[in-house]
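Accompanying notes for the structure given below.
Chain nomenclature is as follows: A, B, C and D, assigned in order of appearance, with residue numbering initiated at 1 for each chain independently.
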Amino acid sequence: MIDLDRVSKAYAKGQPAVDEISLHVDKGEFVFIVGDSGSGKSTLIKLLLKELEPTSGTITVNGQVLNTMKRRRIPKYRRGVGIVFQDFRLLKDRNVYENVAFAQRVIGYPSRVIKKRVPETLRLVGLAEKYKSLPKQLSGGEQQRVALARALVNRPEILLADEPTGNLDPGNSYDIMKLLEEINERGTTVLVVTHNKELVNTFKKRVITMRRGVIAHDEEEGEYIEA
Amino acid sequence: MFSLASIATMAACIFLFGLFFSLVWNFTSIVKGAEEGVGVTVFFEADIEQAKIDEIGDAIKARPEVKEVKFVSADEAWDEFKSDYFGNKAEGLEEGFKDDNPLANSASYEVYVNNIEDQAGLVSYIETLDGVRDISKSDVAAKTLSTVNTLIGYVAVAIILILLVVSIFLISNTVSIAISVRKSEISIMKLIGATDLFVRGPFILEGVIIGIIGAAIPLGGLFFVYEKACTYILTKFSVLASFINPVPRGQIFEILIPVGLVLGVGIGLVGSIITVRKHLRV
Amino acid sequence: MFSLASIATMAACIFLFGLFFSLVWNFTSIVKGAEEGVGVTVFFEADIEQAKIDEIGDAIKARPEVKEVKFVSADEAWDEFKSDYFGNKAEGLEEGFKDDNPLANSASYEVYVNNIEDQAGLVSYIETLDGVRDISKSDVAAKTLSTVNTLIGYVAVAIILILLVVSIFLISNTVSIAISVRKSEISIMKLIGATDLFVRGPFILEGVIIGIIGAAIPLGGLFFVYEKACTYILTKFSVLASFINPVPRGQIFEILIPVGLVLGVGIGLVGSIITVRKHLRV
Amino acid sequence: MIDLDRVSKAYAKGQPAVDEISLHVDKGEFVFIVGDSGSGKSTLIKLLLKELEPTSGTITVNGQVLNTMKRRRIPKYRRGVGIVFQDFRLLKDRNVYENVAFAQRVIGYPSRVIKKRVPETLRLVGLAEKYKSLPKQLSGGEQQRVALARALVNRPEILLADEPTGNLDPGNSYDIMKLLEEINERGTTVLVVTHNKELVNTFKKRVITMRRGVIAHDEEEGEYIEA
């Protein structure tokens, strides 16, 4: 499903943010990515979305080599990837409903489907009542859940979630992680970047630990390993 | 908020454009009018017969470049001269001449051409006609007017062009700020999997709407103000009524409205396409 | 990026303003020149002595509104008439008069005033003078010119005002977009404990700098282009050289530069003060 | 030090975000504020900074009644309060150094002091090397630490930190919390909004638990109580 071959990404001269990482994730896997602040987790996620280009190395997703992908094929690729950004990136001038619906409109779903799927997904993340609010009228945790709903609404093949519970209370965090697990069980490949030690240790999934741009540990049914 | 600013800028620029367009057109038409008032005078040989004079007149009238031919008898010539030269205070002078018209021999045709540039050619032609003693033409007046005409043409084109360039510059400037404010929105859309087309669509529509509204407001305003302004000037400055003859509203707006709309929509469209494109590379 | 847009808008507007300011001024000066060419002609009673004529001349010259007095002898009058009326093709006509000048009695003074509006008063005064038979003045010409002058004055003021208003509108529009982009920056500053003054300071400075740069560029450009344009027009349209006398560069820019700078800085300043104030309420 | 008397804040009609809260915090206290997503924690913090006006009730800080405070006295008040926003709110066009220095310039510190204090504080949060970076060149956790450095640099009397470790790994989070404790021990009153159950339970401070706008629990040496 996801293959990285000696991938590096350097923003500037010096120590690269991602340093010759090789990695394989199978279809249907659930992977936690953990690591210190600044160890390159978000950079990795951005590489997988083709938001960033690697400095060197090859990234292959679903048999498609991202490095050489034609510009006009990128949108199609991204539609198959659900993404939760660390900084949410909601559309400021649209309300919750429209933010989530946007992901569906992009693909061209008929409004009949949108009208059903969007409220459904909002209910899933516990925001059914806030559908009319603008992002700035939401609490931090609520914004984060909108971002999650947007990533889930299309039932993507791959879900990349960068710190999806950073602004959520433990109860909410657990529910969300449970939700991701369910989605994973239905076939979606899930990569979750998180700092939540408790959750990582509870869910017993594959854990990739990053340190200064390299993979320090990679364990099935792993535990959160501190630096 | 930002669309509003774009519309306002668009409206202001097209307003200026329309204003100067009308001004320049009227101005050109005034000069054109003055130009048409400059004719040549054709004098005949002494003791020529009236039949011969008529023949010459017909020959001149037959030329395509001739607009008008007017016969001036010797008496008319003298009367005209007196009023031209001494105003209406010529009584004292008249005594000196009494029945002795100094211009007795000076019946003439006054010939006016459509286009001052054709005058020289016409003069050479008339000179070949039998029975023509002399042709007087005001070289200086003709040349001056023709030059003024060219100069005004140049200045008019220059002004309109400058306004056009400045307008386009200002509007695309505003549109580009307005869109770059949405830069992050555009990049989010693209990262969610929107195609360029999908992102661009609403912006292009917006550009067109901005163009239409931004053009319609000033054009509508000018349309209603134009006649009022003309009437106002003609009544307030009634002395000028004889030689200022405003270009009819229909004639100006027949051109100004489509040009204004095309300009507005075109700039709105091109402005948004170009600026969105800049932010699409995500 | 946004300051750049503000500077560009400012520059474009002040450029237009300066352009029309120079154009209008030159235009007014041409009309003024034409106006000064319209004089009155003073005729004397029959068989008047030269001493008396000189006396009248001195009396006229003593009036403050008089710009120039020119004596025209009877012979000069006839020569001038002939060339005025028949161009340089008057030989045939001359035969009819030979030594018999039809204007024998028509020596005159041509009197020019500084200001066409004073002409009527001067005429009433001259009429009271002993030995003056008649005064001819071209009522129509004087009145027309005076009206054209007023009209052009009105139009000029209107254009300059419209340009001014549009410029101020456009610039404050741009400045306000530019600052509203920084709305969130301003609110962060305030929440950290910055006073209004502290936040406003840099924006005001920026406004002033935008004003200075945005005014200096077009003013500098116009300054260098102005003389070139004048020379170009005068050589290209040399026929006009006699009655187009460009206003000297120094005279125009003595006023245009301070006005432009004050405008630029003023708008930049007021624009940023007003728009920052809107976002300071945090 | 901080006194709230039946304070409410309603953004719209219906359920207020903060609902008749009365609360007293002594000078030098260290308080955790916990609660579900959307329970009104950030709203409370914003009320204390006078970013928001209460719908009703009186807020008194340091003897000053915020409700009636004159507009021109607000900046002075805010300078005595260090604040970490949940969404960081860094100045986008200034680098890390300038973002932190800004808080000092506002007060008018001489540049001699600024040149010493800013690098010192950046070292404290582990960002000494990144002082030249713009916010968008930082990872999520790095941005959060810049926000913290800005709040600390003036050694404020009161520190309000809204979720200061949401984007940090456990190790970093612990260090930061330790730092806040130290600062508290030097006399600063500290209010920390957090979802980090482990930290709350480790540090054993006063814990205020919010639920739907009201204070559900308020315990000295408390524990994280889930809904």
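Criterion: contacts are C-beta pairs under 8 Å (C-beta built on N, C-alpha and C of every residue); 3 or more make two chains touch, one makes a residue touch a chain.
The model shown is predicted, which means the values in this text are computed figures rather than measured ones.
*Asks:* Once the contact rule is applied, which chains count as partners of both subunit C and subunit D?
*Replies:* Output, common partners of subunit C and subunit D: nil, no chain qualifies.
*Asks:* Return the chains shared as contacts by subunit A and subunit C, ordered by label.
*Replies:* Both subunit A and subunit C are touched by B, D, going by the contact rule given at the top.
*Asks:* Using mean C-alpha positions as chain centres, tell me how far subunit A is from subunit B in Å, no decimals.
*Replies:* Roughly 65 Å, centre to centre.
*Asks:* Centroid from C-alpha atoms only, then distance subunit B to subunit C, rounded to Å. What do you get?
*Replies:* Their C-alpha centroids are separated by 22 Å.
*Asks:* Subunit A to subunit D: how many Å between their CA centres?
*Replies:* Averaging C-alpha atoms per chain gives centres 29 Å apart.
*Asks:* Round to the nearest whole Å and give the separation of the Cα centres of subunit B and subunit D.
*Replies:* 70
*Asks:* Find every residue in subunit D that makes contact with two or more other chains and list them.
*Replies:* Nothing qualifies.
*Asks:* Once you've mapped the touching chain pairs, tell me: line, ring, star, complete or other?
*Replies:* ring
*Asks:* Can you name every chain pair that touches?
*Replies:* A-B, A-D, B-C, C-D
*Asks:* Using the touch definition up top, name the residues of subunit D that touch subunit C in the complex.
*Replies:* Spelled out, the residues of subunit D in touch with subunit C are 49, 51, 72, 75-79, 81, 83, 85, 89-93, 102-103, 106-107, 150.
*Asks:* Which of the residues in subunit D come into contact with subunit A in the complex?
*Replies:* Subunit D reaches subunit A through residues 11, 34-38, 41-42, 86-87, 137-142, 144-145, 162-163, 166-173, 195, 197-198, 224, 226-227.
*Asks:* For subunit C, which residues are in contact with subunit B within the complex?
*Replies:* Residue positions touching the partner: 1-2, 5, 8-9, 12-13, 15-16, 19, 23, 43, 81, 84-87, 89-90, 92-93, 96-97, 102-106, 133-140, 143-144, 147-148, 150-151, 155, 159, 162-163, 166, 169-170, 173-174, 176-178, 180-181, 233, 237, 239-240, 243.
*Asks:* Over in the complex, which subunit C residues touch subunit D? Could you list them?
*Replies:* Spelled out, the residues of subunit C in touch with subunit D are 184-185, 188-196, 198, 282.
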